[in-house]
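Chain nomenclature is as follows: A, B and C, assigned in order of appearance, with residue numbering initiated at 1 for each chain independently.
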Amino acid sequence: MRKKKIIAAVSIGLAAAVSVFAQDEWTTEKALDMIWLFLGASLVFVMQTGFALLETGLTRAKNAANIVMKNLMDFCIGAIIYWAIGWGLMYGADAFGGLIGASDFFKNVMDDPIYYRDWFFQVVFAATSATIVSGAMAERTQFKSYLIYTCFISAAIYPISGHWIWGGGWLAKLGFHDFAGSTVVHSVGGWAALMGALVLGPRTGKYTKGPDGKTLIKAFPGHSMPLAMTGVFLLWFGWYGFNGASTLSGSSPDIARVCVTTTLAAASGAIGALSTSWIWFKKPDVSMSMNGALAGLVSITAPCSIVSPAASIAIGLIGGIIVVLSVEFIDKVLKIDDPVGASSVHLSCGIWGTLAVGIWGNVEGTAIGLLHGGGAAQLGIQALGIVSVGAWAALTSLILFLLIKACVGLRVSQKEELQGLDINEHKADAYAGFQIFSNM
Amino acid sequence: MRKKKIIAAVSIGLAAAVSVFAQDEWTTEKALDMIWLFLGASLVFVMQTGFALLETGLTRAKNAANIVMKNLMDFCIGAIIYWAIGWGLMYGADAFGGLIGASDFFKNVMDDPIYYRDWFFQVVFAATSATIVSGAMAERTQFKSYLIYTCFISAAIYPISGHWIWGGGWLAKLGFHDFAGSTVVHSVGGWAALMGALVLGPRTGKYTKGPDGKTLIKAFPGHSMPLAMTGVFLLWFGWYGFNGASTLSGSSPDIARVCVTTTLAAASGAIGALSTSWIWFKKPDVSMSMNGALAGLVSITAPCSIVSPAASIAIGLIGGIIVVLSVEFIDKVLKIDDPVGASSVHLSCGIWGTLAVGIWGNVEGTAIGLLHGGGAAQLGIQALGIVSVGAWAALTSLILFLLIKACVGLRVSQKEELQGLDINEHKADAYAGFQIFSNM
Amino acid sequence: MRKKKIIAAVSIGLAAAVSVFAQDEWTTEKALDMIWLFLGASLVFVMQTGFALLETGLTRAKNAANIVMKNLMDFCIGAIIYWAIGWGLMYGADAFGGLIGASDFFKNVMDDPIYYRDWFFQVVFAATSATIVSGAMAERTQFKSYLIYTCFISAAIYPISGHWIWGGGWLAKLGFHDFAGSTVVHSVGGWAALMGALVLGPRTGKYTKGPDGKTLIKAFPGHSMPLAMTGVFLLWFGWYGFNGASTLSGSSPDIARVCVTTTLAAASGAIGALSTSWIWFKKPDVSMSMNGALAGLVSITAPCSIVSPAASIAIGLIGGIIVVLSVEFIDKVLKIDDPVGASSVHLSCGIWGTLAVGIWGNVEGTAIGLLHGGGAAQLGIQALGIVSVGAWAALTSLILFLLIKACVGLRVSQKEELQGLDINEHKADAYAGFQIFSNM
């Protein structure tokens, strides 16, 4: 399946136990893997709920129904497309020297439990990448245009760079290491999020000129911190499947290390962002702390299987600091309006986590990190992967959004935006009966 | 345990591995089954949260505390009753030629891990059937009357028809196939929901006469789309346990096929309902799309283990179209007021999914579906099951609701209904401090 | 690992199966345990979401962001501290004759899957104990002071008494039985909660003098019953990991008994509290019913593996009655203001569940309960554990809160409290855009 295993399988015992069975029989080891990947995939599916709640909570009440609809439908459309096209491009037989997969489109077999199992585990990763974007493009995107975007990221953008790394493509052959997807999933989604927000432009009223000619930056506070925090907790919960089950083997002893490093990095990420915001803004900031936990999780996703507890604390803590700096930089300097900070969490920390592999990577027999005498080779390979996947994802999604903008339009009218997308795009009211201030 | 397995066990390997152990020893296979059914039951339990949030979100704020209370208490009362009575009627020793089970009431053993395991897995299915009804009867039912109903569905209505199919009763002997409960669970709950809504009558103001004598139909929009969508995601998540663990065996290779078909049917169900509503109502409808995902899930529940990915997409898509038509038909033509569309999702799509077994059912060696040359025999058996279980569930729940109405009353007073059930039934305010429009 | 197993391992079959492997190989049994404890720990992690939602829902909207922040950060800080210090005190090599563990601080190994696995399973229990307190201290505590408290409970208070029972310390040697933590986790958290609420004092306006000199007791209704109920459901879901995985072995046949007793006790706990409130207050009370389900869960936590279904119903039912009496007693008689009833749920029912071991404990070969002829010896040992752990937790947390109060302050100013903690502690608005009554 998808990843080159750096760590040699320790499970001599299991191997011996199953050796009495022929290759194609359903051994205990296969049964364990099946349960394990089922569990992992189900947990990663929960992350869809997490994203929906996080993005809803951090944006305004008048767009809440639209956001949850985008989260539902990008999974639904993405799943069908990933079955039809994406899977074949990502895990089909290699073509053009590691550039794409090219078989198994519309795969409609009945008796292939390994394919079924792997597709189920992979589709939820594809959906994660797609759904990262909805937050960055929140509160001003046409619903139908968003659905068009979601087709293309699930069909081609995500699967093709995914093939390079997890499908046995050219980056895999070079030894690029991304255990659970800091680059494969998060950076790709993060680049698309940043390009989407750039092409769309900021929400009306976000950046205005003051009487003195200086730019005034308005914050639009989210409408439900409890929902957003529930989203963070559910994302964290789902991440145990995202990282843990990326061992791909239910009989791997590495499962536990992954869980410990994931927990510690998420925790230190939140602490890093809380502290940074407390010092900088003089108050322990709620949305920064939430994004800090997610920053820790994104940062540890690539190296989680090959770093120590102390290293995971460092990686998470730095991720938590990075996310605050990145949010401020993208908002205040680049003036790109990403309402939930998706590009900072998934792109900036995705890059950081991928680099961390080359710094702290260290497991018996494979000390690839700088700090463990592994030299700069791995770090170079990691950087090459970041740049090449970044170029691919940024360029293709930029072109895609420009094309959508030119052909069908990307943005709702200003009047619709000010009234809210719920009523204009869905004839819906997310909170019927509640008194909500009309200018929010 | 509960279901006749159509598919022969492939696990020759496992069988060989465990053959060295005596029958009553705790083998690896039993350990895998235990973990598997624990996992499945826990996921199905999450569906209680899903139902609570879906029903709450799709109804009005003044009844929100009442709805979550009904969801909590129907599980609690149902669990005790299902332990005392329901289990024995469903899985006790067969009596009267396949009509009921009749042993194991109030089963209070200490050392029977298989019984414990199976009861835990089954009680969450029983609770699902019971809780479907609370949405259809929302916003006007007396709390105590609802609790009386929940006793009877958990004690007898659900277990007796369940015995016919999963308990080895007469429909099982005929070869009726319902893998995870499109009929056993969803149709039974759906019939009770429809009968409950019928006996209760519509909410005050739902159907009124206009000045020209024509019926005016009022929509009461739900008060929280984010909560409702969270409910959908959690139901979908739980469904992986509902369908996946219905293999009953943790070492079954069929687990993965079930997950793939479940995912694709849910996705295409949402797409089907979204498209239908977009064409018909000119806007992509939020609650229809949510019900569409659930429609896909209900539809695939019976056939999920024996259909191909492409078939599952078709089954889900049609389920998603059916749910929109059914909601409109029940609301506009039958004029039965089902506030959340529970009868459309669970009854209409439960019937559809049960029939789909006879159309697409196809697995190596058991091509029972029409489209695979299986002839009409299986379709006939499926129809027989639908009709007989439907007659049982509809009649008994109709009589039950009429009896409750006659003896203790079923509905709150109109004044209480207009004020809201929270304050009148529970002295509670679901959203203390929030300004909520009083006429909602 | 952590608990003395009363029940002899039945798994002769498994033992035989793995006997061909050397001790240090990764056997099937170890793989099953790994998956099992991963699953358990992930479910217990969900309880953090449950606590956050329950506590948020049962308090006022103006403090909602503050509460979810406390819930996030107590886990994050607690996890790091428990890695650095807590683990070593709880599970390090025994020192001072069973009083503390004293090794494995800042444990930074790379290749110790058993340590990783056990730490991951234990850190979520430690976090549960810590987070119980946030509800009792809600709506008036300084954020930074709460973070200081969380350091100490995770570093020392919880781990040291935990060592006595689960770390092989002196209570374990005496035969004290607490399967999953009625005392170890819940009572310890409950005592800290009670002491915290006591030292803080009641919320402004909670207890006032009427014109006739009598004390007037004001209820501050929670702001979201749907969120609170979602919390209850998620806590219940997580409890299947809390209790179920406390078998510590994925190949234990006891898993299923634990699930059945946990389910029945939670159900009967809700029924007990619903009935008590209905009779006493004349209405089926929402928050009492929610706390009743949790009361049943806390009560069954210690005895869940060694009682019958009927006994679990009795234990839960009594727990549900106790929680109502305890809430009224603490509020009306002791006049300690615990906004969510945390001390009643976790302390009063934690004590009850621990005693229940000595009343109903009964498994083949180990009838330790009074009602099964076990004599009063076990009951005496249980009482000794309750008193000694209680004295430890109450005294240390009392001193801790007094010290924090003296050194940095524990409580926000009255003006800040009345305005709300969100705006004053975090410059945040939990529900931006919603009209919320200012006096709530």
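Observations on the structure shown:
The rule is simple: a residue touches a chain if its C-beta (ideal position, glycine included) is under 8 Å from a C-beta of that chain, and two chains touch if they have at least 3 such contacts.
All values reported here derive from a predicted model rather than from experimental measurement.
Number of steps on the shortest path from chain A to chain C, with steps defined by chain touch: 1. Judged by shared residue numbers over all numbers used at their interface, chain A and chain B contact each other through mostly different positions, with under half in common. As a whole-number value, the distance joining the C-alpha centres of chain A and chain B reads 33 Å. Along chain C, residues 17, 28, 32, 35, 39, 224, 434-435 each make contact with two or more other chains. Interface residues of chain C facing chain A in the complex, by the touch rule stated above, are 17-18, 20-22, 25-28, 30-32, 34-35, 38-39, 41-42, 45-46, 48-49, 52-53, 56, 64-65, 68-69, 71-73, 75-77, 79-80, 83, 106-111, 113-117, 119-120, 123, 143, 224, 227, 422, 425-435.
The touching residues of chain A, counted against chain C in their complex, run 10-14, 16-17, 28, 32, 35-36, 39, 43, 60-62, 221-226, 229-230, 232-234, 236-237, 240-241, 244, 250-251, 253-257, 259-260, 263-264, 266-268, 270-271, 274, 281, 283-286, 289-290, 293, 308-310, 313, 362-364, 434-437, 440.
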